[in-house]
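Paired with subunit B in one complex and with subunit C in the other, subunit A is shared by the two complexes that follow.
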Partner chain A sequence: MPSNSMFVYNLTLAMQSFRRAPTLYFLIILTLSIGVGVLCANLALVNSMASDPIPEKSANLFHINMNTWPDDQPPDEPMHILRYRDAMAIAESKLTKGSAIFYASGVYARDAESSSMKRFDSEVRATTPGFFELTNAPFAFGSAFEKSRGMEIVIGDELNKKIFAGKNSVGKTLELDGELLTIVGVLKPWVLRPLFYHPTEGRAFNLTDDIFAPLETAIDLGWSIHARSSSAVNYTGIEETRDKDVYYLQAWVELADMNQKSALQSYLDNYSQQLKDAGEHPLAIKNELHNVNEWLKVNKVVDQKVLAFTLASVLFLSVCIFNASSLLLPRFHAAKFEVGLRRAIGASNRHMLVQGLTESVLLGLFTGVVALVLSWLFLKLSVQFLPRLTNLAVLEPKLLVLGMLLALVTSIASSLYPLYRANYYTISAELK
Partner chain B sequence: MNIKALLKSLLLRKFTTGLLILQLSITLGLLINSVILALDTNNKLAQETGLDIENTLIISLRPTSGEYRNLDYYRSIVSEDLHQLSKLSGVEGVSLMNQLPINKNGMLGNFYDLDDPEIIRKDKYLRDVKFFISNENLGNTLALALLEGRFLTKDDQLDFGRNEPGNVVITNSLKKALYGDDSALGQETNNGRIVGVVKDIMLDPTIPVDKQYGVFDNRAMEFIFTGRFYLLRVTPGQVEAVRNKVSDTILAVQAERDIYRIITIAEHMKRFYSHDKGLAQLFLLLCGLMIFVTAISSYAYSQFHISRQKKYIGIRRALGARKKDILLYVLTENWLVYSIGCTLGLVMALGFNILLSQYISLSKPDIMLFILASVVIFVAGTIATLIPAIKTSNIPPVIATRTV
Partner chain C sequence: MLNMNNISRIYQSDTIQTHALRDFSLKVNEGEFVAVTGPSGSGKSTFLNVAGLLDNFDRGQYELDGVSVQGLKDDELSRLRNEKIGFIFQNYNLIPDYSIFDNVDMPLRYRGFSASERKRRVEQALEKVGLASRLKYLPSQLSGGQQQRVAIARALAGEPKILLADEPTGNLDSLMARQVMEILHDLNKDGATIIMVTHDPDQAREVNRNVQVIDGQLADFKIYAPLDRTAENKGKTVSAAVSADVAEEMADA
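Entry: the complex of A and B
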């Protein structure tokens, strides 16, 4: 096995070379791994922000924007929030495979049977029952509620842990704002990055909700709107909004295939046209369907500041590579006698190259390991500075691989020129 | 000193010199833009708000029990809260509000004079006027400066359920937008009659300073469920003492409340800019790392070349060059490299500034900053090359006589 023994020999040489100048190689590994680590930490943030949270059906889920504001001064055109009757027109359409109409609210929750009066601040999604199937919400216990009205709720894993220590709490009752609602389902830990069903109002990186309540019940109970709402009229409580021009509901639909998209589009356009013909709004017919990834893009969920910083860290990495290069150059230069000697006794250019590459790959591996540790550190540090991104700070396996590859590439890149130079060292020059 | 000869010697090692110059220029480019970011953020935090930001406390709270759905109960608790808070020593004024100044979005609405509803087509900011639902103590508590008319009074509070607009106080920029230099007093708008005009306070820092349109009315007791923020005007120096007593005071009135934040307006403003500040700090951190790396490179660069030039330097010493001359020679060589690096860095800074402004807003670089950043690079570089340079000047002339 000559190639194998050659490999071992090259490895030994590389290790010898490291041992001969430990400070130098330490500096090289340090600078390269800082560069890779910073970039990798940023890419982890960008990756979390730009990823598709529901790849299995993101192309078939559509968010609906409509243009039905009653006068010619709409806050947006079209609007991502809908009024009750418009949203219901969507829910009633037979063209979709499923739909979810919801708004975000919040209540304080406690176990109705508990003696403790401690209440937990809970994010509420007041929604039609189609939400669970549409979003593939993962159930740990029980199931979804079946109707839009009823004193039943589904709770998230986090709240279940806080109140019921993570046990099966189906059948238990929560006291929410003085009302008793029964738990019919408990979700498994559910992470959506980004929170595709509600990326507006800067909520793209919020956690999934704590409580899912039937839409009509939440409206009846007057649970206030915690996200954006716009209204063309005065109103005091949400319970009076069903027949008023108050815009606060968001609508998602699931379509079986793309043919349904145009059918739904014309259904919506028809609906708007009818309203317009009846003199209910003067606006252009403008209904928009965005699938998950389009909707995330429209809402610019990728933080521009992080992108800017990523740009800076790319530059930084290039500086690190230049630095490693200028550190390696004297190292190879110092070894020129050895190189010349080896070539004189018959080592080919290719041999020298392979040997040099072995050294830089080994260097790259060391760098990679240090870089991964550093990127984890930088990630923690970044969210210290940018606490809004805390939920995004995860190093996925593919990023670990990417970090390793980056380390290898940078290490090889930085030894390219020194290697090229070393190949010109001849024994005659050295022995002179 | 012969610059031409120096340049020639640099050209002999164009690759390494090129690398170092590139590195220096990128470092300079990043340094300048990071400092710009940091300065921008500091300027934002230092801008005039029209508020006594250090001595005004904001208490953010929400009731947690269902009892509060009875609005009369809710009102009685809030009244008692405000009463008890006003009795705390060091508290000079107490009020409540539905939303905070120095914030994006919030409760917005359109606002126009009933005689001229078309004006909102011309000025889009009139469609997003901030509505502050508050009470008669707001003017005193926020120390608003009255320009015209009067503050809100107890009498401006309407009977509950009366679906008609009452009296309002507006900010000066809103008055200017609607009435120019004329008086606004007594004018009827779609949201009530104007009884007072106050000096602008910063409502939304993301919109122009002359578009800080705000309306204040006295309906907090009617729409009590919107009163999520209590405001306390505190005697200077008493902020911490008052802050420590707030929670207990409120919870003693009724315990089923979630008091999730007690901060001064200054702290609220810091929170508002925390993302900007975090980014600026990250950039500065990166700069620090970059300067460190570049310093290592400068060190390696001079170390390497000195080791190669040992013999020539020895010859020079033998021919009569003093230690000082050699030191100057090595340093000048490096300074030349830095000068080229800084010049290129200017281009890099401009380019990077343009690139960054695609993503974030930041000011243009100015020449003072460039000079300052160049000085930093020079100093850092000189420190890094000082040791190799001194070593070089210590090369004895006798080296010249050796052959290898």
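Entry: the complex of A and C
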């Protein structure tokens, strides 16, 4: 051991210690890794559920709930889906920086120029053009369509890969349920976790849509509603809904500042009051604006069961630390002689503490690596049993760092008591 | 070199108070070789532990190489142990899976010497005890006497002011014990100050001064008079070299 550094010396001693009792240290690493791995996997789920999907503007984006149901049996709360004319009234107000009015639909898509008849079942967002700027949708090629009516579409990265092998498909034509629409924009891979613009109906962890089509065109083409809708009247197709009491559109607005929020609130309330005065509904005026994080909270995006399981895994980790500590205790007890000897020949308590901590940190690093592998396996296993977790079960880089830190902290925590006991004795007690 | 005045060490259990050392005073000068003898449980080891700063004391004053040790913090005591004291234990206390080099190197690690300086000192210390060729051996590959010589090399490597030996030949046969004692005498001749706890009357007689501990105090009589280690006596067994004076003194005792 020719090195000058005490750090290298302590690392060498730690490795020697591991070699002396490999089975014991393997068990300790496994014990801590399982605890850290399970907690990390749960934290990955919670992180995906609780994270802010658009932090740069989440406080300024508002979802609008309105209370304009036309009969005297209103829903308990203002509805998150709006009539066409109510939604358009919002879009046309001059109080917002931007807005998006949309509904979810679905079509079968194929390359119109391809000889293959293979069609892809595709999720559609029928929307006003403001959607792209409001959601910061990232474009790989081309740009957004500019009007709410036109035979143009934007497609997502996944569909572009499926049909065009990921190449620039701007200018190509897709046949969507028998209609030909031209691609004007292709998005980059776009993951919103949660899918803040449509967290209702259990869709918070769905992927972003495959196709974004102009709202008016989708209505004109009769693309059906693939989400919750309510109607107070009978209708045969969506193309009839513009002037009927059919509720299916969601509305988001972007406000430049908080002053605009109260102005918009007044605008909505006045609008509802006018409808009420005109006898269109009998309800109390109750319209709601929720920013992104408030809206996710209203929709209980963070699963309470996952939270409870995370809490349980914290307790489980505590048990793992206790077990690892119990395993380490005899190991450190057996090291009393060496501790006594080192103290006798000049090592201070601080030296011994640093040596012990170095061993713990090294143990923590090994634990961290195994824990992250186990965590990844736990998530893979979870997805096998619960496919709806697919878009949630992701170990982000910050989770990897957190996992390593957790492993270090638990490793140090589990060795504190054994370390204290090993250094507790009178130096001479172990030496003869 | 070592100056203890009225040192008391009391071990307290729930029901029993044991006075391991009571008003113990001893002065050891530089270059002396002092044997500490006494019956089992008399306080010899406690004295050595207190002298070596391995154990605290409850009352009294203790100066080691001009440094008063009362009230020193753990770091300061550790540094004193490292720089001024070399320990030789009865059980050698080598770490079994470290090489001879690494065992001797251990105290130097805590002194902050460079790698080259440590290597020089380890080789020099092992040279002194005749084991320079066994650097890479493990302790288990050496005889008991050789292991004790490694322990002596470890004590010497830091060039301490004083060597404290606790029955250094207690686990060795007579031939190996003789070799170890010769090394200690050679070190003393070169100027080392040595305090050795021993049960062996022959070894006690071989050294400059013998002190007797009884009931935690220095006895005020001598059992073993010093042996004349003059040239003509060297090489003889201790018994054969006992002077008439010593024999007389032993008879008196």
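Quick notes on this structure:
Just so we're on the same page, the second predicted complex is superposed on the first by the 421 of 432 C-alpha atoms of A that agree within 3 Å, B and C clash if a C-alpha of one lies under 4 Å from a C-alpha of the other, contacts with A are read in each partner's own complex, and residues count from 1 in each chain.
Just so it is clear, contacts are C-beta pairs under 8 Å (C-beta built on N, C-alpha and C of every residue); 3 or more make two chains touch, one makes a residue touch a chain.
The shown structure was predicted, so the numbers you read here are calculated from the model rather than taken from an experiment.
By the touch criterion stated above, A:V314 is placed in contact with neither subunit B nor subunit C. Of the two partner chains placed by the overlay, only subunit C lies in contact with A:M6; subunit B stays clear of it. Contacts of A:A227 after superposition: neither subunit B nor subunit C is touched. Once the two structures are overlaid, the count of subunit A residues touched is higher for B than for its counterpart among subunit B and subunit C.
Residue contacts after overlaying the shared chain place A:R342 against subunit C, while subunit B stays out of touching range.
On the side of subunit C, the complex with subunit A involves touching residues 45, 49, 52, 54-55, 74-75, 78-79, 81-83, 87, 89-91, 93, 95, 97, 102, 105-107, 109-111, 114-115, 119, 154, 158, 166.
Interface of subunit B with subunit A (complex): residues 15-16, 19-20, 22-23, 26-27, 29-30, 33-34, 62, 64-67, 69, 105, 110, 120-121, 127, 163, 223, 225, 255-256, 258, 260, 274-279, 281-283, 285-286, 289-290, 293-294, 296-297, 300-301, 303-304, 307-308, 352, 355-356, 359-360.
Touching subunit B in their complex are the following residues of subunit A: 27, 31, 34-35, 38, 73, 75, 108, 117, 119, 121, 175-179, 201, 222, 224, 228, 234, 236, 304-305, 307-309, 311-313, 315-316, 318-320, 322-323, 325-327, 329-330, 333, 381-382, 384-388, 417.
For subunit A in complex with subunit C, the residues that touch the partner chain are 1-4, 6, 9, 16, 20, 337-338, 341-351, 426-428, 431-432.
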